[in-house]
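Below, each structure is written out as structure tokens.
Each of the next two complexes has chain A plus one other chain: chain B in the first, chain C in the second.
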Partner chain A sequence: MKNILTLTLFEFKRTLTSKMLIVYTLIFIAMYVLTGVIFNIYGAESAVITGYGQSFSVEMLQSSITFTAVFIAIYVGEVLIQERNNGTIKFVLLRSVSRLQYYITRILSIFLFSLLLTAIMIVIGYVVGILFFGWGDKFVFYSVVTSGWNGIGITLLSGLAFAFAYFIFGLIALWLSQFIHRISTLAMIMGMSTLIGQYAVIYPQIKQYVIFQHLLFLHIDLFEKPIFYNITSFSVLVIYLLVIGISGYYLFKKQDLYV
Partner chain B sequence: MYMIQQLKHDFFYVIYNRKYRLVLLFTILFTVALTIYTAMNSTVGEDILIQVFGNFRQLYWILCAYLIADMLSTDYHSQTLKNIIPRSSKRNYYFLSKMTIATLLGVFILFVNLGTSWLVISSVVSGIEFTFFNFFYFFFGAVLSLFLFSSLLSFVMTLSGRETVTIGVALGLVLLQMLIEGLDPTVSFHFPTMYVITLQNLILSNLLTGIISIGSYLIFAFLLFVGTIKVFNKQDLFT
Partner chain C sequence: MKQVNNEKSILEIKNLNKQIGGQTIINNINFSIQKGDIYGFLGPNGAGKTTTLRMITRLIFPNSGDIFINGHSIQTDSILALSEVGSIIENPTFYLHLSARQNLILSAKLAANKVTNARINEVLSIVDLKDVKDKKVKTFSLGMKQRLGIANALLCSPSLIILDEPTNGVDPLGLREMKTLIKHLAKKENITFLISSHMLREMQDLCDKAAFIQDGKIVEKGDVSTLLETYQVTNLEDLFFACIKERMTE
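Then we have the complex of A and B:
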């Protein structure tokens, strides 16, 4: 347990001080500012937002699907592919750390990164939203209309659901990364999968079982759909977590990491 | 001489690397699927090829961002720069060759898409004369935008020295452009992701604007290339 904690914390600290995090933050700032500018110039029809500072943050989550997917894939590449390519994975595994413990730390790191990325987006959303539109007198998010702390609570809850969906997506990337040797290849595949995967969402029979549906709508469905629908969605994601997590570990266990 | 050697090296890297063949296969298969999807969901008319390309363009630019970033970062990734640089009398050739091959590869993918969609449509529909963009502007727009993007990513690669930063910036910039390209045409027509289809309009509607736009592309590409070389020449690549 101590090994897992130490390795996960190390990875998280490394992430906090990495150049990539600055790049992600800058790209998100650019994207949010552009959306604010577009709304101010062209009006509500051209942007997905309603123009209230307090709801800007949560409204912007959905529009970042491909960005977030690419960033998560790059992160997964950094925590597994890079360590494997540089040979540094051997230093960890030669100490008293089992492959299971190591794999769990990768999963936990992806979870923390998903939360961190979502937190960054929410904070940028609030700052840019307030700068462009002011706080506003109400919080509008689809059918939810409220204000003040309730709005902040909804944003945080929605952010948690959003981070959870991207965590599962990160696990899929982790599973796939065991067959890929370049981070750029993994990032491209995962980014393109979000563009192509959106075609699957067209079919109502299967869409609740497809990860791309949850990347786009889980954080919205939480407030728009009945409780049974949301329980099914979360169950689908938990099944993804178990199947991909366990099969990923077995793949990792069989890999030749000593070359 | 060194430039030709470097070009040959990069050319064979593309030829022998399996992932480039996979990208080609993916382009063909995806274009076939997209052509069928477009034909089924819209009225097949003279502009069907333009419609197919319109649907493919976003994915094309993600592919190009990947291909350019991959080409530029491969020696950084495998730490083989120190084996290549001492062979060259000037370091300029290294990036110039990479940028040239990456640009040509992007243009090649573009023509594969065009050829595949034309073949698919022609095999099921007869008696229609297809319209498409003017080939000269189409080709020139692709070369200019891909070369500018290559020089920009070369600059990022030399500054950061990291593959992850380069691919992050590449995909991030492409996605940002896509986000805003549907808005004001006076601005978005000049974006690299739009240039392949807008260059013709830019020049035909106002020659001066077109020339200024092309000139800006060339100047920015040149400045970024010079910046790259300035940084690259001073880097310690022998460790």
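Then we have the complex of A and C:
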């Protein structure tokens, strides 16, 4: 447990102080500002938002699917592929750290990074939203119309669902990264998968079982679909977590590390 | 070949085999190292030295055979077996954005035994890096990284230290210092060393025992002075070629 805590905190601290995080933040700021500008010039029909500062943050989550997917994939590359390429994985494994402990820390790091990225997007959303539209008198998110703390609560809950879906996506990237030697290749595969995967959601019979559906809609479905539907969605993601997490560990456990 | 007393073995390798992509890289290797030895694991590049050391440290897995460290099987009890091992495999790796001291602090936190700040300072002093302990590792030369690697290996007061090609990138002065350091540690701290190298002449005045490996097979092993006498040669390089020649004529 001590090793897991030490390594997870080390990774999180490294992430917080990385240039990578600054770049991601700047990209999100640019994207959010651009959306605000387009809304102001061309009106609501040209943008994906309704023009209320208090709901801008949650509305913008969906629009960042490809960026966020690529950022998660790059992060996964940093915590496994780069560790392998730089040889720092052996710095850790040659101490009293088991492969199970090491793999758990990768999973926890991806979870924390998903939360961190979502938190950054929400904060930027509030700041840019208020700057462009003011706080506004209501919070509008699909069929949900409310205001004040209720809107903030919905944004946070939606953000948690969004982060959870991307965490599972990150686990898929972690699984794949065991066969890939370049971060750029992994990022390209995962980014492309979101572009192609978005079309999988046109098949109603399978869409609830496809990760891309949840990347796009889990945080919306939470407030739009019946409870049974959402329980099924979360169950699907938990099964993803267990199957990909456990099979990924067994692959890692048996993998020869030529570092 | 020289017979070893397995009762005192700190490291024992039994019938070790490794195939990669259908090719046999390590072919039924057996050898033991006793406490206090400075044991050379010698052979040309590509002979299988690093592959063997990677198997000892569980970075890669053998197809068959077993490795015992202080009696603990690496297959079934790897954490306990490796808890008394310090190692540098292929090259020392560190988090470059951290200082030497920060790397050792992280390493200490991940160790099975408690490592004090005093011990961190002590190992930095031993390898003569105390003055640059707060400098980032990315500013270090290869020789300094090697020394930091030794400091890291020493951190948990191990009974066995494994060094893979420790002379790589080290200048003649650094090499002399490293040999002196290894001899000092073996004598004063009673640490056993397993050192791989393809630089046979450089290992001559360092190793008291050695195993020679060629194409994944041990061609000879034993006490260095006895082997030199047996083969009637004066240095390890000639000894290696004499062993190869004898093996070819068998």
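Following the convention adopted for this analysis, the second predicted complex is superposed on the first by the 257 of 259 C-alpha atoms of A that agree within 3 Å, B and C clash if a C-alpha of one lies under 4 Å from a C-alpha of the other, contacts with A are read in each partner's own complex, and residues count from 1 in each chain.
By our rule, a contact is a pair of C-beta atoms (placed from the backbone, for glycine too) under 8 Å apart; a residue touches a chain by one contact, two chains touch by 3 or more.
This is a predicted model, so every value here is computed, not measured.
When the two complexes are overlaid on chain A, chain B and chain C sit side by side with no clash. Of the two partner chains placed around the shared chain by superposition, chain C is the only one that A:92 touches, whereas chain B remains out of contact. Number of chain A residues touched is higher for B, counting chain B against chain C.
In the superposition on chain A, A:10 makes contact with chain C only, while chain B stays out of contact range.
When the two complexes are overlaid on their common chain A, residue A:184 makes contact with chain B while staying clear of chain C.
In the superposed model, A:192 makes contact with chain B only, not with chain C. Residue contacts after overlaying the shared chain place A:150 against neither chain B nor chain C. When the shared chain is aligned, chain C comes close enough to touch A:254, but chain B does not. Using C-alpha centres, the superposed arrangement gives chain A a vertex angle toward chain B and chain C of 80 degrees, stated as a multiple of 10.
Of the two partner chains, neither chain B nor chain C is touched by A:235. After superposing the two complexes on chain A, the shortest C-alpha to C-alpha distance between chain B and chain C comes to 8 Å.
Those residues of chain C that touch chain A in the shared complex are 20, 54, 57-61, 78-79, 82-83, 85, 87, 89-91, 93-97, 103, 106-107, 109-112, 152. Contact residues on chain A toward chain B in their complex (touch as defined above): 19-20, 23-24, 27, 30-31, 34-35, 38, 41-42, 46, 63, 66-67, 70-71, 74, 77-78, 82, 85, 182-185, 187-188, 191-192, 195-196. Of all the residues in chain B, the ones that touch chain A in their complex are 19, 30, 58-59, 62-63, 65-66, 69-70, 73, 77, 160, 162-169, 171-172, 175-176, 179-180, 182-184.
Every residue of chain A that touches chain C in the complex is listed here, in rising order: 2-3, 6-7, 10, 14, 86-88, 90-98, 254, 256-259.
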